[in-house]
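Okay, so chain A shows up in both of these, paired with chain B first and chain C after.
== the complex of A and B ==
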């Protein structure tokens, strides 16, 4: 179906023609559409058509209690929901002037890194599928499911956990959880060679991905690109290191960078990040048993909970890029205003439009998946 | 100039007719192509259900990319009003018999977004739904269970009459069209002529027509069979 307010343009004699991709299309990530002007199979210009997933999140949150909002916050980004909960909780904590106990902060860090592992595994599969390789998709989804099993074990939910609340986390880790986590990390590391052989050094994939959708560092900064997509352009910017939150300043990890800025560089950055996350999780397994204490700072009765007047901006590094919550309270039982700075709207709208220009038709899907945008977060 | 489509009434005189019917519904239930319109969050639980861990294909269900060849329309999650237009268009393009599965609580009653200004709350006001799978979001096991339920419904349709919800769209088109017009405005129309199809399949009832279809007729020209011309 044509986009809203579409008006056919009468053009003179020309070789150009229009094509619609999405919203229901195997080559598009989620419920999102793209309109392309083509000359042969070269894209002359592209126009994003978002809004299929708009639910009015920021308005909905103004009408709900502070504690009720925790339930809808993770729905903003479906493949990677944990950073949403943590960022919102951190912002509310900052307004209230409380701090989560140190053990809760370690558990939160563990949840964030596990979520990053799951999201990256999912992305490998999606990106590979756009180049016609379906085996990595099956592998990625199956390995991600093992991570989801662990999520279910310690939070109770497979995808949406709603595990964080302002002031800490909801419950203690189950017994022998860290052993299970350690076993999973062993398994994921043993898969490294398989993934390298199948995908990352596979000549079919390398030929398709190299040089596809290349960004320079200046262009990336101008387009507000963050996260792995920016690090693939050679700039080592990571909120975890540059503005440490939770316990990241006590952990050792590298920030993988690539310089080419194309689709292949982006997926290599994600691959390296996956193993950095495993390295972080190993340190957490080592340190967590020695950190004793509470997991929650008490908050007042949530049903009559007035957060004091103030505003806060909390940012975290999600698997897609820099994610931030700006929360304003007027002293009532509901937020006065919540603004979400999601990374995907910059990637899926302006960057994709920029990169599609001059690309070939079959590469558009690959560019979109290599940017790893998340349509529910674009529309909100 | 209005040409009427000719309807050939077939009387079933073969004594083995019900045996053929049973065989056909058996075959239909064993081979289903599924079009998943990823409208919302529920889409994230479909890859595990389709790939190696839960493996939908062992039920005889495979994803299909075009609506024209699909049997099942899977609506995964909340349906915003902009999406609902596309969903209805997709549904009308599909060929009968067609089945709709609503996944996630949002399709049942609005779910988490019950107060949102941008979403349609109940999917079965706009199209007949065969199976609802509640949950936010339902686990892959629940998705498989729902698909299994649909298969049983198709298989036992002759006895229990649960697998022919799609006929309701033709039988009570006025009701569905009214709800669609209330949401999208009076000038809403799709390229598909449902009334002509209802006549062709002999599925029209009194409730097929009403004030909403009259409103539609004002700005819709009926689809006529084209003459073959050789220049």
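== the complex of A and C ==
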């Protein structure tokens, strides 16, 4: 809602007062607003106010060709766009009854894990900044940039790759790419100590994050919390392992968990996940050269391509949680319906409102960033 | 306790149609009346506790809305998609359905979203109000009979963009090969012929440009 359309609440005789955070505020991730009712500096109630990033993607997709939608889907979540492309492509493939060649599936897995590394590095910085530490942000963004360089190398796009199409991936990897990737992983691993000293074991940060925004496992399940936020409550659930897609069932990786359920537990889960992603990428570097073959299953001319009647629900594990695409085709050249289930639509609305209640005003920003909420997934 | 197979539980619901799509996906079609019973059964008896999403699909030709409830079980590692159809209603008598908020808390978000985008009122849902489109007063925009492009044409004015530098390029045979308004007036924006026309025009422009350069030399 535009600020001029807000109606101030008249409270009569009360100590409570209303405060708006956002839509442009350093304590809010993206363009999102939060209306808080405060008593002193304790939050009595909070109400999420979305819509600043609503671009009507689901409606737009109904008016565009199947192939054109690939330019739209990654824009739904800026920090972690790769899972969007893959989920959409997987849903269309399921309706078509085709499967991407095995080499394409390995390349997709590599892209997803690289994207997860980039997204987590970004989140460390954002979360640390809400506690007043800005150095991790500079470091995180600088290291993420190195991942983006690799994205540019093999997809052509730094942020929005638009690399996947139904049936496979667009291009073969450039020569020497896996060597570059390996070098980057060496570098990221060498940074582990620095990040630990700067952020994860830093007493200033630990004191602020411990106990902040704690969720029990029951509450998390009731609120449909997924991803690292659920794993921080002690439940080892990961779509990659429990509903395997691509080649995740051939890869070895652990699912890091924490039991405290607070902001500190959440960031520790992300830290461990980053190193699990590096472990997965190392296996991919080892296996990929021996996997030969095509990278695309032929599809009809994309400009006159009618996908047969059907529906599919494709789920992937994005860096934020369970991401799903529900795609319906009526046999036409455009999707009949595309529904995007972003993990943040659960985290940034009900969970955030629930956790903000009773928190102190200065912790609200940290709670939002520790949930790694991505507002465009709410608005779509 | 012996584990009851999921089919046995599902078959307790009247008029159910079960399709096993693959190992982790079950599609279920039920009447609108028995859907809440089904959800209660699979949540209470078969550990399907995670509501992944609720989707609404507007089947305008059948004058129906299809509601799809995607529910996941952490123990069975399986997703049940429960499909049901409700009457599409009309402007004076909007579509209504019963809320499942008391079973699944996240239904609050999804039902509010469907209320806003499709106009389906969920009886018993705690927040049947606007959320994303707080300043929108028109018909629910995701309905198939809401033409977004026509709305844009009526509401916003198109202005010509002809800066000098672009005019110079156009004089040399470059610039915008097909103007947006030509595409719009051609009717269907995304059919094959417009693409071919655009390619043809582009090729012609390139040719003209080459000629021009040749003349310059």
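The rule we apply is simple: the second predicted complex is superposed on the first by the 370 of 380 C-alpha atoms of A that agree within 3 Å, B and C clash if a C-alpha of one lies under 4 Å from a C-alpha of the other, contacts with A are read in each partner's own complex, and residues count from 1 in each chain.
The criterion applied here is as follows: a contact is a pair of C-beta atoms (placed from the backbone, for glycine too) under 8 Å apart; a residue touches a chain by one contact, two chains touch by 3 or more.
The shown structure was predicted, so the numbers you read here are calculated from the model rather than taken from an experiment.
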Problem - First (chain B), second (chain C), both or neither touched by A:86 - result: neither
Handout entry: Touching partner for A:349 - first (chain B), second (chain C), both, neither
Key = second
Exercise for the section: Could you say whether A:173 touches chain B, chain C, both of them, or neither, answering first, second, both or neither? Expected result: neither
Practice task
For A:267, select first, second, both or neither according to whether it touches chain B, chain C, the two together, or no partner.
Solution key: neither
Practice task
Report for A:235: first if it touches chain B alone, second if chain C alone, otherwise both or neither.
Solution key: second
Practice task
Kindly classify A:95 by the partners it touches after superposition: chain B alone (first), chain C alone (second), both, or neither?
Solution key: neither
Practice task
Have a look at where A:368 lands relative to chain B and chain C in the superposition and call it first, second, both or neither.
Solution key: neither
Completion exercise
Of the two partners chain B and chain C, more of chain A gets touched by chain C
Practice task
Examine A:112 and indicate which partner it touches, taking first as chain B and second as chain C; both and neither are also allowed.
Solution key: neither
Exercise for the section: Pick one for A:59: touches chain B only (first), chain C only (second), both, or neither. Expected result: both
Completion exercise
So the chain A residues that chain B and chain C both touch are 1, 51, 54, 56, 59-60, 63
Practice task
Provide the residue numbers of chain B that touch chain A in the complex, in ascending order.
Solution key: 35, 37-41, 43-45, 47-48, 51-53, 65, 67, 78, 80, 82-83, 85-86, 89-90, 112-113, 115-119, 136-137, 139
Fill in the blank from the handout: The answer for chain C against chain A in the complex is residues 24-25, 49-53, 55, 57-58, 68, 70, 74, 77, 79, 81, 104-106, 108-109, 117, 131-135, 141-142, 148-149, 190, 192, 195
Problem - Partner chain C, residues of chain A touching it in the complex - result: 1-2, 5, 49-51, 54, 56, 58-60, 63-65, 68, 221-224, 226, 235, 237, 242-243, 303-304, 313, 315, 322, 324, 326, 328, 333-334, 336-337, 339, 341, 345-346, 349-350, 378-379
Handout entry: In the complex with chain B, residue positions of chain A that touch it
Key = 1, 4, 23-26, 30-31, 51-56, 59-60, 63, 71-72, 75, 78-79, 122, 125, 137-138, 141-142, 144-145, 148, 158-160, 376
